[in-house]
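Notes follow once the structure below has been shown.
Every chain is named by a letter (A, B, C, D and E) in the order it is written, and numbering of its residues begins at 1.
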Amino acid sequence: MTLGRVIGSVWATRKDEGLNGTKILIIQPVDLNYDVDEEANPVIAVDSVGAGAGEIVLIAQGSSARQTKLTHNKPIDAVVMAIVDKLDVFGEAAG
Amino acid sequence: MTLGRVIGSVWATRKDEGLNGTKILIIQPVDLNYDVDEEANPVIAVDSVGAGAGEIVLIAQGSSARQTKLTHNKPIDAVVMAIVDKLDVFGEAAG
Amino acid sequence: MTLGRVIGSVWATRKDEGLNGTKILIIQPVDLNYDVDEEANPVIAVDSVGAGAGEIVLIAQGSSARQTKLTHNKPIDAVVMAIVDKLDVFGEAAG
Amino acid sequence: MTLGRVIGSVWATRKDEGLNGTKILIIQPVDLNYDVDEEANPVIAVDSVGAGAGEIVLIAQGSSARQTKLTHNKPIDAVVMAIVDKLDVFGEAAG
Amino acid sequence: MTLGRVIGSVWATRKDEGLNGTKILIIQPVDLNYDVDEEANPVIAVDSVGAGAGEIVLIAQGSSARQTKLTHNKPIDAVVMAIVDKLDVFGEAAG
């Protein structure tokens, strides 16, 4: 999964009917200190957990993005499937 | 999903029969300001939403590209599945 | 899909039985002017459309590479599924 | 598969219900000498084999990450599926 | 598919039961002259064709890696599915 911060959302009226009612988020990948990963482009992902602006989340990509009730059988290749409380790295805690 | 601009189309007479009747677009990835992402190659994707030249769209890739009525069970690894109206980034609106 | 030029083929006697009778091509990715993309490695892909040496083709990758009659259920992650006649970019035609 | 070292874990209370009871690890990709691969970002992966801090493991990604009893049909795109005892490279043994 | 040379193997006692009896190889990606691709990391892949040390092979990745009898339904994202005899590039033969 990819670690990132919710930085925005996408508005799209004309879209595959499978996306009706979904919230499409813009996620900026971050490193283990929650700093922006300058080399990684933002990921556009459907929200399945009610993630809010600024929250640190996990994104599942590829066919795994369709393994939530909300995204099943839909043309979606990235889903926010967890909101991160904290990271434990070698005994240190971030977040 | 990937954000991009429709910059052209592909003509192909000899192709897998599953592609008959599809429109194959050339999409230039763009950043959140809709500027060209110089490091990203154009993506060749089948249109499922009637996207026109110059429009900003979302592309789903991998097996998720086959989750529209038009692309089901076809040898297609990228599909345009939404036309973007605008992006909201931290309260700012692009587009 | 990925745009490329057919530059060679692979001979392999010992292989998964699913590959028997397939033609395995070497494809050099190219840009929209059909110039070599120096940063992209050649892709090894099974031919499903009778592509010949030097032709410009489209490649589908991942599970989508298995969505042709020839490649169904086989351990193949890239397939040539169209031969390009021309590209239309912003009203200009390449090819 | 990807070779990496277990360097931490992720805490997430709000998540897809499929992740309940899973342990989410942070894995730093390493090279064949077990040195950190500076160009590779950490991978967030679900543990299926009881991997501990500091251990060298293999990660399967994409849909293959869902082919364990623990991860079946879940929105998970990376799984730790083996703990490495040693590598044999050209007759030399690392680890 | 990816072209590479078999340079070693991985020993792992604790692993998903689906990997029991499989041979896990380390493959160094190579270019069309069989020279090491310095920018590509080694790939860890399950052998399905009896590839030996030093041989040039093809690797299928992603869900396609599970389309051999040996790897079906297993948490494996890369498989060696062919041993290369030679490459024909523009009429020249390597190997």
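One rule holds for everything that comes next: a residue touches a chain if its C-beta (ideal position, glycine included) is under 8 Å from a C-beta of that chain, and two chains touch if they have at least 3 such contacts.
Bear in mind that the values here come from a model prediction, so they are computed numbers and not experimental data.
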Rotation angle superposing chain A onto its copy chain D by C-alpha atoms, nearest 5 degrees: 70
Separation of mean Cα positions, chain C and chain A [Å, integer]: 32
Centre distance in Å when chain C and chain E are each reduced to the mean of their C-alpha atoms: 20
For chain A, residues contacting two or more additional chains: 62-63, 65-66
Order around the closed ring of chains, commencing at chain A, then chain B: A, B, C, E, D
Interfacial residue positions of chain E with respect to chain C in the complex: 1-3, 29, 31-32, 37, 40, 48-50, 58, 60-68, 71, 79, 81-90
Chain B-facing residues of chain A, complex: 7-16, 18-19, 24, 26, 41-45, 53, 62-63, 65-66, 73-78
